[in-house]
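For reference, chains read A, B and C in written order, and residue numbers begin at 1 within each chain.
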């Protein structure tokens, strides 16, 4: 137990913890910055939306570790490699949910909005996005958890992160070190899930929450 | 940037180079096609089939657990929330950590077993959720008509509900399969075999041919599985397809 | 005043026009009902007024100006729009929904809020109870009322209504129709009202435009004239085989000349003066009599001639249904 706690006090542990969070936060941020504008752009075209969803589905299939190592010829080892790969891995869930979410807004609601004189941009920002917000946030939540998990694998491309301790634990056959890594990663992932679930609820407009409760 | 050699400036150029290079020069390219040709059946193919084996077995076990569990949750709604929470909990834990916990806490020895257990646990959330959603999507009038015609509950379940729920269930299997293929790659680290072996070996031995092959093959496998399942999904719901006027 | 001038609409890739050479005028303050079977282009025609759909030929002139003289968005903010499924914004409160167009036009917050309250009151939803609710909390009938209030919010001179009372049960619909007609007496908007139900058209419309499949105008006239003199076989069959009876329903008992009641009117069926002639006819026939005693107020259960205004005879009803001019209440 002593040894276990000591791992957390190692200097490199704090550093790797921070690196892990750093890459995760940046990856989700970049993912959002890429996926949301694309989803908005394809919203006006049915065929473009479908293509976006298909690309998203294919992207979601790519194994995390495979993508990480495939980045090596371009980025070499380290932080950049992991960041780029993990960002790519996080984009599909956000993209798919954003495209589907925007598409699913009741066409009658959109017709009424247009008929009342809202401009295209006003309909998008005032009606479509708020109504699609819960679904979009669900996508960001999925991406965030996936990102945290993928950064763990960053150890294999020399990026650091908490995966380092799992590997070290296996290599030195040390339960304490391995568990320090595994439990902290699991903890991080769970915190992320809970955090984003809370955000999701926070960003759901009250009217939609009520509608969902009444099954409308 | 840290250690390691400078990455080749143009991977493609090198790939092409090795096509035309001589025997010795080929060994200096990024991908050693010669080695690949020689060792394909010995190293690559077994890894490939090991991987498929892992995934199929895991998905099969998950199916056997998830379908009855899902049916129960659909019937007894109170069960659904705790089941979702538990399966969701397992799903959130990163796979690499999950393997570690299974070995160091639960005490499994390295090999296929902990890998399969983890893969099953990861599939459960999606599978159960899709079984429930699929059963929910069966129109109540259809069940009512079946009951009114004198079918027993069991006949309704197997003859009406499950067939109608099948497209959604298969959609869940698709997500589960793709997820499992990806996680199984990591499972190689704890001795489960599969395409991940090529990747980890390649990294340790600094032999790009290996890890590149592993990465590409696992990606192709995952994408291929996705496309196959899409096909199956489409074949399974001809009635909705015709209603919508063909794909 | 809204004028359709040779308006046609054909969709690309199709040979048949959805609306063909439509020309007619809607006077200020009138409800003009567009009615016809499905595929007759009534909704398409309505949506060309606020340019949600653009005509392939012809123009629509509103108060002397072509409706293409300004941008579509600007035009729509001046026209009230109420559709069948209401299209209320689920993520906004009722008050916010009603205040949508005023807010677009830049009204200040307090003016918008008091206007929203005013309209909620007008459509029968007490503002204190309803302004902060959300659409999902309201029944279908209440949502339709909010839809009407929202369309009226910026006090537009023109309103487009596409089956605005269609998504509720017949009893609620009847009530909503009556309330709306009552409101219209005060506000006198120019309204284009689309429905597939000829009875609703007859009830709501000052003028009715009957459209045939393919968007052809079959007849454009007042309800009485259409019922009295259908212009074609199509119109005749569309308004229904009971058009004479329908026409009777347009006149109230209290508006026609009655015969004086004589002594032995004790056995006669009682006819409330607020009823229409069709219901009066039904009551008299059902009682097996040849006339009915017209009473004012209440249900006239008290005997005698107290509160009676006279009698109405089957004969007079028959004469009225034959006449070409029928006074409208």
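Throughout what follows, a contact is a pair of C-beta atoms (placed from the backbone, for glycine too) under 8 Å apart; a residue touches a chain by one contact, two chains touch by 3 or more.
For clarity, every value in this text was computed on a predicted model and none was experimentally measured.
Across all inter-chain contacts, the pair with the most C-beta pairs is A-B.
In terms of Cα centroid distance from the overall Cα mean, chain A ranks first.
Measuring from the averaged C-alpha position of chain A to that of chain B gives a distance of 20 Å. Centre-to-centre separation between chain B and chain C, using Cα means, comes to 60 Å. Taking each chain's centre as the average of its CA atoms, chain A and chain C sit 53 Å apart. Taken together, the chain A residues at the contact with chain C in this complex read 106, 108-119, 122, 127, 130-131, 205-208, 210-211, 214, 216. Remark: chain A residues 57-58, 60-67, 69-70, 72-78, 80, 145, 148-149, 152-153, 156, 158, 163, 166, 169-170, 175, 178-179, 181-183, 185-186, 189-190, 193 touch chain B in the complex.
Contact residues of chain B toward chain A in the complex are 1-4, 6-8, 11, 30, 89, 92-98, 100-101, 103-105, 178, 181-183, 185-186, 189-190, 196, 199-200, 202-203, 208, 211-212, 214-216, 218-219, 222-223, 225-226. Touching chain A in their complex are the following residues of chain C: 47, 50, 52, 73-79, 81, 83, 85-93, 100-101, 104, 134-137, 150, 160.
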